Amino acid sequence: MKLTLKNVSKEFFSLRGRVRALRTLDLEIEDGEFYVLLGPSGSGKSTLLNLIAGLEKPTTGQIYFGDQPVADAQRRLFASTGQRNVAFVFQSYALYPHMDVRRNIAFPLKIARWKKPDIERAVQQAAETLSITELLSARPRELSGGQRQRVAIARAIVRRPSLFLLDEPLSNLDAQLRGTMRAELKRLQRQLGITAIYVTHDQVEAMSLGDRVAVLRGGELQQSAPPHELYEKPASPFVAGFIGSPPANVLTATLGQEQGRRVLKVSGGSFALSGEVDRRAQAAADADGRLLVAVRPEHVLLTPSAEDSQVETEVLSVEPLGRETVVRLQAGRDIITTVLAEADFRQGQQLPISFSLGNAHFYAPSPEALGSSQGG
Amino acid sequence: MARPDESHSAPPRLRRWRDWTEIRTATLFVLPVVAVIAAFVLVPVIGTLVNSFYRDVTILPRRFIGFDHYRDLWASQSFRQSLWFTTMFIVASVPLELALGMIFALLLDVRTVVRGLMRACVLVPWAVPAAVSARVWQLIYAYNHGAANWLLSNLGISGQVNWLGSDVGAFAAVVLADVWKTTPFVAIILLANLQAVPRELYYQARVDRANFIQTFFHVTLPLVKPGIIAALLFRTIDALRIFDLVYVLTGGGPGGSTNSVSLYAYSYYLNGSFGYGSAASVVLFLMALVLSILYVKLGRFRAEGA
Amino acid sequence: MNERRLQIILLVAGTVLVFAFSLAPFFYMALVSFSADHEFLAHGVEFEPTADHYEAVLTGSSLHFLDYLRNSLIVSALSAAGAVMFSALAAFAITRLALPGKLGILFFVLIVSMFPQIGIVGYLFKLMSSLGWINTYMALVLPYIAWTLPLSLWVLVGYFSQIPRELDIAATVDGCNRWQILWRIIIPVAAPGMFSVFLLAFIFAFNEFMFALMLTTDASARTVPVGIALFQGLHGQTPWGDIMAASVITTLPVIVLALIFQRRIISGLTQGAVKG
């Protein structure tokens, strides 16, 4: 089922006054798509999920399931959660503690007044799909976290929802299990062909699961794109600084003249500009020549090409991770992260570096965009 | 899975925006509570208040008399005596209950083999009807053959105490019986607060070489303060309306020296003087109201989940 | 080391004291109930064991003890059931639904719980008289429900608010309406808490004295506390042995309840009292 959001926004009223949880956004999620909502806490991703689930009403805009409106703020009409046929999977699993696994999975069917044999068959099939048949008569409290999550997923898929909503479903699992469950979720979603919306704050999870990923921040949609596009063409400095492990270095810079040549000055050094890169930098800069530059760790070069295009740095830390080594460098006020196949550096060592500016991204300066990635 | 359910494939019907059904359901759900309390607490309280301005005696016609009853109350020696007793009873019993309750709570908090049994035993005095235990105390206080005097003389502390026959004896008897009955309640409340104290603080205190008395006064007591305030005010308000114990144990005697305000008002109800009894009740009610407002203010209630 | 030893001595002494303090009166009560003469502690009187008092109390119809006991059990059970039912509905609305003024209801109920009973009982007497309900169960059950509701409501609100919101949302997504959420999810999950509330309300009603004293005049609805308080002998002498036997029979179930459900009672009491 295709999902369309038109002009949707959400405001809350609290004692402190109006809180804009979600700024106006338009979104189209295709039938059968695995769509991920990614953002730090307070970014509005859960609010968006609740709007789609029908747990909240939008302040403006319309939401359509297929061609069918389910919420319309102008006409003041609304379809309740129960009517929307969505399934929800929670971080806390939300299994009914007083029911065994079988009754947990059967519950939505029982409420929908299915016939007993039909319920039994459906429960059996869902349990087989998630390989939990031997747990059917266990109580939730007897299960491990991973098992609980499987039961929760079985309960979600058992009645063939038209939409699958997952709110950080893997956050309570340990790292190893998270990887396995991730692969399984993806396989399951493909197999059932149900549109899925998945909320997470973990960009690795988002990138590995999503057909498309929407990055949210402070209630604002920053970019909605396939994972590779998020990585290669981040639409905002926030996206650049959020996606990737480690993420891109986002530095404040100014355009200027040095010895008659156009240069890009960053803290600790400057680069000569020319051609295509110069045009892109100029387009991004404001009237005072200030701009933001995002450089991926792999585009930090340890062998400066020219004397006039380098940054003086000092090695802050070296973190060998096995296959690669993360090196943090102090460049003036900024810290620059780079990833190397092998690195033989001492802490405190002076190291001139350079950027592969052809691969860098330039953005208009916005102080609040640089403030912190936790904000909003 | 199975078959797609027909009812679910139907498009959702849109409803009206504002969901009045929720507010209606919620109102319906609280209605029984509000109705029962209104009918059997609120209306009677207002009725009592109104009645206190009337001469309302069984055989005579009802007549509005304004504040006459209150003036009579003020002039009444025995009403002032009952106010005095009730106040002194609070002053004597509540601090004793708190101190003893604190000691009990500390003991109940220690991990010993008999802890569960001890907690259950402590509950018993609280759970037994006051009127029943008052009967036992009545026998305990008997002059010639009661357990209290038997214990005193066998321990060689003193001779026979005239418990229920003297002013001082009767007062002490009432306070002691009340302390016995309500200390468990205080202990349970304080115990809950004690258990909420993080164990690390005790370890830290030990690291800091505090002895257990220092630990109690510098760590335990400040952290249990909210519980102490709660217990203090619950107990004060409860002691204010003392009735069962004095009714059974002393009947208000000797010579009205243990006559509580509740008992005073009751004796007028019993004679059919409803107006005057109501006026005495209203005085007690106002005292309780002042105390409970104080409680809510001091307690700084967190209404969780609301 | 010295301090440790002192601590242990204090602990043992304290524990013995707590047991003695709590149970000694009951021990005395039991002794008197089995003694032919209640003055066995006085000089020159011997303790002579007998079960006569129990026989008198359990068979002598003039004392009406069994009537009182039955009345007490019925009235307390009905009151507790009513209090649990009503407060469960209200606690659900207060913790789960959009109800304007829900805090107001909680505070209102809290204030009500602090009213002195004497300010109510006179009016109740007139009300019940005019309804012709004196000496009926109804005259006690309804005021008892009202009287125990504040505690029941506060305790249940505490229990209900501990149930995670996700369960409600999961149930909503699974197609439950509000009634179904209450009956199929909240009440089963909160069952232990509801049982605590039932126990507390039962004990409250079982112990109540003033209403029962004022609103009953004979054995048809009079409860045990009033019955025992007003026990009179046939010949003007107080039948202490019979009274103590009746007290033992009344106290025994309470002790058993306290022993079995110690945890539940304490949990309920604490929920209600420690929120402040």
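Just so it is clear, A, B and C label the chains in written order, and each chain counts residues from 1 on its own.
By definition in this document, contacts are C-beta pairs under 8 Å (C-beta built on N, C-alpha and C of every residue); 3 or more make two chains touch, one makes a residue touch a chain.
As the structure is a computational prediction, the values presented were derived from the model and not from experiment.
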Chain pair, most C-beta pairs within the contact cut-off: B-C
Chain whose average C-alpha position is farthest from chain B's own: A
Euclidean distance of C-alpha centroids - chain A vs chain B, Å: 56
Approximate Å spacing (C-alpha centroids) for the pair chain B, chain C: 14
Chain A residues counted as touching two or more neighbouring chains: 80, 112
Chain B - residues contacting chain C, complex: 22-23, 25-27, 29-30, 32-34, 36-37, 39-45, 47-48, 51, 103-104, 106-108, 110, 112, 114, 116-125, 127-137, 139-140, 144-147, 150, 180, 183-185, 188-189, 191-193, 211-212, 226-227, 229-231, 234, 237, 240-241, 243-244, 247-248, 261-262, 265-266, 269, 274, 277-278, 280-282, 284-285, 288-289, 291-293, 295-296, 299-306
For the chain C and chain B complex, residues of the former touching the latter: 3, 7, 11, 14-15, 18-19, 21-23, 25-26, 28-29, 32, 38-42, 45, 82, 85-87, 89-90, 92-95, 97-100, 102-103, 105-107, 109-112, 114-127, 142-143, 145-147, 149-150, 153, 157-158, 160-162, 178, 203, 206-207, 209-210, 213-214, 224-226, 228-229, 231, 240, 243-244, 247, 250-251, 254-255, 257-259, 262, 265-266, 269-270, 273-276
Interfacial residue positions of chain A with respect to chain C in the complex: 53, 55, 80-82, 86-88, 90, 92, 94, 96-98, 107-108, 111-112, 155
Chain C residues touching chain A - in the complex, by the definition given at the top: 164, 166-167, 169-177, 180, 184-185, 188-189, 191
